[in-house]
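Heads up, there are several structures right after this.
Below, subunit A partners subunit B and then partners subunit C, in two separate complexes.
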Partner chain A sequence: MRIAALLALPAWLASTVHASPPTQPYDEQLHLAPLPGGNLYAGFSFTATTPLTSYDEQHFRYFPRALGQILQYTHTKELHLRFARGRWDDESWGTRPRGGRREGGTGVEIWAWVERGQEPDLLQERWSGLVNSLSGLFCASLNFIDGAKTSSPVVSFEPEGTHLNLDNLDLLHGTLPNEVVCTENLTPFLKLLPCKGKAGISSLLDGHKIFDANWQTMSIDVRPVCSAPDDCVLEIQQTVDIVLDIQRSMRPRDNPIPRPVPIEKIPCDETKEYNAEDTCYPKKFEGEMFWSLSKVFGQPIQGNCPLAEDGTKSYEIKLEVPFERTVEVITDGNISETKDQSERRYSVPEQQTLDISLPEQVLEVHTAPDARSPFDTPRLYASRQITGYGQQRGGMHAVLTNPQPYAQKIIYLESLPWFLRPFMHTLTFRASSGAEVRPEKMYYTPALDRKRGTQLELQVEVPAHSTVELSYEFEKAILRYTEYPPDANRGFDVPAAVVRVIANTTEADQDAYLRTTSLLLPLPTPDFSMPYNVIILTSTVIALGFGSIFNLLVRRFALASEVPPSPFATKLKAVRDRIRGLVQKAPAAKDGGETKDEKKVKGLNGKRTVDVNRKDL
Partner chain B sequence: MPASTRASVYHEHPKAVLLGAAATLRILLALVFPQLPALLTGRVEISTPVNSFKRLQEGLYLYEKGLDPYNGGVFHQAPLLLPLFSLLPSSATWLGSLTSIILYTALDLITANCIFRIAQSGAALISRTFTSPRQDRAWSAASITAIYLFNPFTVLACLGRPTTVFTTAFTALSLSHACQGNTITATFAIAIASYISLHPLLLLPAIGILCYDQVCQRESLATESSNVSTRSSKVIAGVKVAVDQRTQPKPVIFAAQISATFALALAVLLLLSRALLPSWQFIPSVYATPLTLPDLTPNPGVWWYFFIEMFDAFRSFFLGVFWLHMLAYSVPFCLRLGRQPLAAAVLMMGVIAVFEPYANIGDVGFWLSCLCLLGHVFELSSIHRYTFPALAAILYGTLLGPAFHHLWIYAGSGNANFFYAITLVWSLGLLILLTDTLYSVLRDEWENDRPEGKGKEIRQI
Partner chain C sequence: MMMRGDKTQADVSSSDGQSSITAMAPPPEQPATSNTRRLIILSFWLVVACLGLPHWIWTTSIHRSDLPLESMNDWAEGKSCQPHYPLNIRLHSQSHDSARDAIVAARTETILNSLTDFQLYRFHVAAGNNTVSDVPTQDDVLVVELKQPSKADHVEAKLQSWVPVLDIVHADDDVERLAEFISEQVRSVFADEAKSLSYILGNTPFATGKEAIISPEDRKILEARTTRAFKYASALHLTFSLFTSSATPSAWDIEEALEQYITPLLGPFSAITKFTVDTQVQLQASFSPSIEGPTFDAATGQWKLDNSDLGGFINAAEWPLSPSIGSGPTINFVLYVPSAQQSPLVIAETGGSSWLIPQWGGVQILNSQHLSGRLSAEDLRPIMLTFADQLTSLLGFPQSPPSLSLRISSLTRERATSLIMSASSTLGALSRLTLKLKSIAIPDTVAKSVDETINRLNQACQDLNQGRFSRALQNARIAEDEAEQAFFEPSMVGQVYFPDEHRVAVYVPLLGPMAVPLVMAGAKELIAWVKYLKSPKTKTA
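Moving on, here comes the complex of A and B:
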């Protein structure tokens, strides 16, 4: 942890420089940008601050009390919480919003700096208290983040806030990749906002639309920000970043079921030779699609959240569209607009509804619309797959591609569940350039069965314009039958790998983060229906062995002739003889004559034969 | 070379020929099929969590990086193997793989040599107070060695390189020294075997009695009158020579000596391990893993599926029951077979091979070969018992085990019960063989006392 503190020092300095405390106690922003492929990026950001002194006195104004009390009780100094779904398609959408710093892996991800305290178990207790309280607050299964799902990355994360006593803080990180993020998590999220999603840009946040997105991530970040050692504020930033499919979101509410478009309504490509009344090759859509806020989000922005002290500005909308694009702003009030080559900004001071509408339009741009994205080329591409087949072993394979013309240092973090047992001696790196790649640093904590997961951090330099592949083998553990979820054959989720691209002082000033998709790991399954049968059958085999061995060990041998016949065997023999006698008698009675004399003779004969037999004996 | 010459070479130096042929076979297999060792290392029948060569490599990697290899759930093998294997070239290379094969072949040859010496010593036939009436039917030392060396289970285990091969080598070494009456060496060897994997501890009573028996024989030989000069002539004469009890070592003192030697050897080994490692964490990792079974990877034993399906509330209870069950055999065998201590040791090895928590076919191969040391009594089990069904069940298990494992894990067309059923059949077959041999050994002993009972029907009372 001390090393982490030392490493964190430059970033601490950087954060003091860059993160100057916002002048407004509450600020909300909306960032809209159409993306290629008929998608729309919408980034909501709500920032509230409160002076640290009033926070310590339990005086909350803009800061949500529910969250503040949890943080105070668990001695959490900095908190990052993420709810995410879907995949950011960085090959066509470009670099991630906010540098990936407000993004989480699929499911729920949480990391926090918690005060260590004096007693050895206090940290674990506080962390457990934190995740359990947040679990209740956000209706998420955060309480399942136990010791086996918690890790303490050394170099992957650095505190964003200013902490005066960083040595006393420990970073704890947990993920729940199988958590399904849904409306029940959005509602408590909105309740933390001062206007509770009723006014301002948060009125656009409707669960139906948010969770219909191709990619969405919600984040809550709490950090102390100091401009001077005694002038600190506690900042909470809540963001919602989504990528909506414009066509799908604009489906009318009264007809939400997707149906095939009637053929008359499809624009056909008439140059095709087979084009006819009943055959149609859909024409490729050209130009810009029509969309408006009220159509995409279901309603326009409902007024503003009037918390600004001077009342001049309450929210800002940033719209990234080319200069030539027509934008209609529909509102009764006054808005101020600034426009430049690629973006427009609207500041909305008044309590009015606001809608933005962009009509269908063909722009005379040099490049095809699909090739253009308002976001630049990403700093790094990362993907990860499980290789191999069968349920006994497999391999992990991660591909890291650097599209930039300069080498980049990255930190690759993997937190694996304990039932995936990696073999680090098989860890190999391969660069596309053929150059030898070696990790500069490696932090590895092997898993302990049922107690701790694997944690692997690698610091690697990815050369310019090249790809680095890293791979290792692993074994899949078989679990106790009570440890499988009800859908055991679906597989187990493996959390996303986190890649931190370290800021290169000449090219970029802030670290970027990206996360791979989470993976599905199939494990061998026992038969869940037969615990009793297994217990009985195995016990039978063991009893058979034990019984026959101890039978031989404790009894001694004797000649058969020396052993007196057991009383039971004698009785059995008597019964057998009697039955035999009856059987012999019965046929004799049948085929013989009917007279009594004859019967007597037979009886005598029978007796005689018996006597003969006795003599033989 | 004409056949007669070849035969004569074999008759003159059977051991050298066998060892040479076995070493050639193993190294050739590794050279001709370079993928074979890696394939066998991955088989669940050979590699278990406590002996897998791949996990050893992982432990070695962590050890060489300066981390504590026992602070994790993957590596559970004895610490002193680490410096040994770190001397070898990395097994990822062709040379490293070949070196490891050569090392394991050498271990197999040591074991074979020990088996040869045990068979030659005749300890299975003659003890201080007992001489088998069937000693003329004993199998020759060369054939028992050949059975060990060319046993498919042994060959596969050698190529799969589990660390239990070390355990078998030291167990065999201990038995062979016990048959020579070298008490200290035998105890030390069994201490090393117990250090590598816990269960050879259960062989200590049998080996102690074997040592005591041999030491007494030697003492009585030394003090014997001149008219019976050698032990063999005494045996052939079948004369019971009155032995002066005062010259014999006292059993209690002898047992104390052996226990002290064992404890001392074990303590030295553990302290040496501690010196290599940063903490004592290896003790729970190496010795508690077979006791508590945290890793339920399938193996040909009976524990794994039982504890997968066990209800959580009863898990600790049944772990205790299973271990007590294994412990329950050691002393009764020694008490009942006190006159044939080698038989007690071999049968105990059988119990271990069948009932150990992480069973593997390497142990079974070694046990089946050692069983041939008792070859003189096989006629009894084949006449009176169920040897054929048992052997058929073992063969059935051998062939269907890998097939059913494939159906479950890879093809997905069978479930875990397929492989479980086969492990049950396999254990049952081995158990029947074990029981039959026990019967034969006991009956042989009984017929020695009552020669008139030979070939007659008997009862147990």
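Moving on, here comes the complex of A and C:
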């Protein structure tokens, strides 16, 4: 794979989020780009707008009614919702799509600007109304975002829309790192689209393929966009960004199990000295892989979603491949096509299927590695780990690497669950260059048990070509019995840290976001049968103590010989004597007459009675 | 006391001494020690009985608030309220002869009150002053406007459509005939409502025997009306949806169409119910897989939809017709535009293209050859008129009288009555439930809601019987809401699954070992005491 050739595409950054409001009420875009390692990036974006006046009067056209009513009911002015899975491998794949602004941490992430209202509890009520309604709409456990999982970051997020009364709005942010994003979240997502995944590029979105991806993120962003104070539209942008393993997703559906290739079909590396008829070292794959839309996504595009009002021709598909790459377009309809050095654009035909197929091909190396643009390496690398051992203490360790030749300001946001108690005095920074790093700003909200998590925002400058390590220690809390989930021994998820790379006016014009992976925190877990054992044990101890003290108080103490035989014991003795008499009658009949032995037994019995009574005392 | 105790002890020990052969008799016990022992046992038992047991019961018991079961049952059995409907009718005339008007009024009242169908009503007809006021006062259900005919022998009765005024043109000098004519007209105005009220009240605990007898045909009509209509709610959401099977049309001038055809209808009705209206456009709407789908009829060149498919026509899984947020039910109006290949699409049996789904909404299919991307308000005119018609039947409007304001006032009376009955039966169900499930918790909120329900029901019944119908409706609605809230209190459900056995089982490891020595010691002393009580008798005998 020609990594350099692929990364040389500055188009990665061309994805503009802060664009002027689109003139079309509905617009959809598909961005395809092969990635190194036999992967394919596919970025779907669907943007619909509605005039704010008709939204306020509840006339919905391309804006989904179900979502619109939730936003109106909860007075939410701007919404960002993310469903994500997997990890973007920025070491080999390069810059994140859309500057990382349309992706979330593993699981579900939501942040919104909600109108505060007059009463003090109103904001919380609206927020919980919002997450509960969205939970129902998207079949996700968003309703578990309660006060303890909600934070209000100060500097990490800024509204993307135009808000006339920003002072009345509050930002609330919540994450669910342990939510498993799956098909049941995609179906309601597709239902919000005007063409419902039946026409247009959304017809490629099949749950089987999307959730088989190495990395996928779905986002919904609602924001008001005003070109003039009284000319506002409400914009909803839905995106699906995935990185598919081409080989894996091209497995035929009727034979999905990977099977070994017959040895005759494996190209062998004949330069190896051990190469023989029965030994084969597989040759490394050279050149570009074969892939096509219908093979990778399961079906071709089912015609366009014809919602452009003025009939302007738009190019919905953007394919980023080198100029020399052969691309076959298979369709019966009319399409328009443009082609330049690094990308091609296609329109989707009306009511006709469209398939794009790229055959296997070996390309000449045409780009030298040093011809890379400075932006194909990511703005920043970030990773985070939990350190330490044992059930009580641990440490957090984050590594922020700036590969760029200039210093960058970043904001590092950490929303920790309350049962992870950080010690802020242990917060240390260490730069690889040895220079002293100090946070320029720090916003810290300490946790309240069961009510609020820790929220930490740090503004740090990462020097050029250097690494900053951030670490602090923490203590693990012991939860209450009922607070443990059924799979308590799996560990507890700690949400991803959000890193905002602040736009540098000379080098980049937009903020970029990246998120670390979420972490698994093992907490001390009790034996869950403990409460019953405790009940039984304490009850027994109390009963024992009570019994002995009570007996000491009410019993009369006497010598063993003074104790009268208990009536029960005498009765027992009489019964036993009778049985013994019956048993011994038979031998007596033979011997004739009573023997001395019997008297002996009687005497012994008398002694025993006393013993019994003593025990009874 | 001391002496007696002492004696017993001695007696017992001596008898024991006799029976035992091997054991030596223990030294006689001091009376003080045995008394202390008894006191100890007694105090232990006192603590257990007076402190331990009540405490245990108190901490493990389920909170059950007191409910006014008796008055709840009274309401459920219809003993607390006997609804009747006083109707005030004003008679206006241009005759300047107030004495004659009064006679006509009195005569009309007598005739109306003697009608067998109208036993539920109590008519009060008053002759108004001669100055004709256009606005009827709140108390008057109907104003009868007597007019002189322009030509002789012209007899006419006409209801005004927006105000409850009945214009009668009659020139008869005979008071009796005039009164009969008026009462006949009034009767025709209220006939349907009387039937409907009798239908609501009949066969319920609230029936008083004054109900009119309803013919089976009428009963069928009334049944259809009540099953179709939504239950009364103080807020209703209307959702107008355009579903297109392809991508066109993708827009409609719904705002203008609503303004013209729906808003005028909602205006008068908004006095008793608040409406919110929202609209949506949905493209690429496909049929649900559960229906067979339309079949092409070559003879007529139409696509036919089977009657059996109408119920499953709405593709609930895919069409976003979720109810609106906020209290109150949602009425859906769906306009479906079939694709050009499947057009025209009609219902096989009737050839029509619209139908009504009871308590859900209305559906229409738009078959049109020349569809542009946008449906104009003119295109929507017939559709909106059908939707308006469906809306009236979904709201439960009676079919007659023709005057809208009279229909709304009849609806007010019907709805108030049915709400009172529904709230009462909920109370009855709640009282039966609490009696049947002894271990169910009854939180204070339930008791509060029940009190509020009964209070509101009393007020509603009073209002009804005094002719303040819209206030009666308001009170009845609050009563119904409170009763439902009490019945569906979520915290009542959980306790059902925690029976008494569990409560005891948890404490057995503690209570068992503690009870054994307590019971044994108590029993021993008790036996000794019983023996002592018996011993003097044996001695005297």
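Simple rule for what comes next: the second predicted complex is superposed on the first by the 502 of 617 C-alpha atoms of A that agree within 3 Å, B and C clash if a C-alpha of one lies under 4 Å from a C-alpha of the other, contacts with A are read in each partner's own complex, and residues count from 1 in each chain.
Here is the rule we use: contacts are C-beta pairs under 8 Å (C-beta built on N, C-alpha and C of every residue); 3 or more make two chains touch, one makes a residue touch a chain.
What you are looking at is a predicted structure, and each value in this text was computed from that prediction instead of being measured.
Peer 1: Can A:58 be said to touch subunit B (first), subunit C (second), both, or neither?
Peer 2: second
Peer 1: Under the stated touch criterion, which partner chain does A:340 make contact with: subunit B (first), subunit C (second), both, or neither?
Peer 2: neither
Peer 1: Could you tell me if A:450 is touching subunit B, subunit C, both of them or neither one (first, second, both, neither)?
Peer 2: The first partner, subunit B, only.
Peer 1: Could you tell me if A:550 is touching subunit B, subunit C, both of them or neither one (first, second, both, neither)?
Peer 2: Both: A:550 reaches subunit B and subunit C.
Peer 1: When the two structures are overlaid on chain A, which partner does A:558 contact: first (subunit B), second (subunit C), both, or neither?
Peer 2: So A:558 meets both subunit B and subunit C here.
Peer 1: Under the stated touch criterion, which partner chain does A:477 make contact with: subunit B (first), subunit C (second), both, or neither?
Peer 2: first
Peer 1: Tell me which partner A:254 touches in the superposition: subunit B (first), subunit C (second), both or neither.
Peer 2: neither
Peer 1: Is A:278 touching the first partner subunit B, the second partner subunit C, both, or neither of them?
Peer 2: After superposing on A, A:278 lies clear of both subunit B and subunit C.
Peer 1: Could you look at A:196 and tell me whether it touches subunit B, subunit C, both or neither (first, second, both, neither)?
Peer 2: A:196 sits against subunit C, while subunit B stays out of touch.
Peer 1: Where on subunit A do subunit B and subunit C both make contact?
Peer 2: Touching subunit B and subunit C on subunit A: residues 535, 538, 542, 544, 546, 550-551, 553, 556, 558-559, 561, 563.
Peer 1: Of all residues in subunit A, which touch subunit B in the complex?
Peer 2: By the definition above, subunit A touches subunit B via 389-393, 418, 421, 423-425, 444-450, 475, 477-482, 524-527, 530-531, 534-535, 537-538, 541-542, 544-546, 548-553, 555-561, 563.
Peer 1: Looking at the complex, which residues from subunit B come into contact with subunit A?
Peer 2: Contacts found on subunit B: 42, 44, 54-55, 57-58, 60-62, 65, 67, 71-74, 92, 294-298, 302, 304-312, 322, 325, 328-329, 332-333, 336, 351, 354-355, 408-410, 415-417, 420, 424, 427-428, 431, 434-435, 438-439, 442-443, 446, 450, 452-453, 456-461.
Peer 1: Which bits of subunit C are touching subunit A when the two form their complex?
Peer 2: 16-17, 19-27, 29, 33-34, 37, 40-41, 44, 239, 247-248, 250-251, 254-255, 276-284, 286, 318, 320, 322, 324-326, 373, 506-507, 509-510, 512-514, 516-518, 521
Peer 1: Would you mind writing out the residues of subunit A in touch with subunit C in their complex?
Peer 2: 54, 57-62, 64-66, 69-70, 73, 133, 191, 194-196, 198-199, 305-307, 309, 535-536, 538-540, 542-544, 546-547, 550-551, 553-554, 556, 558-559, 561-565, 570, 606, 609-610, 613
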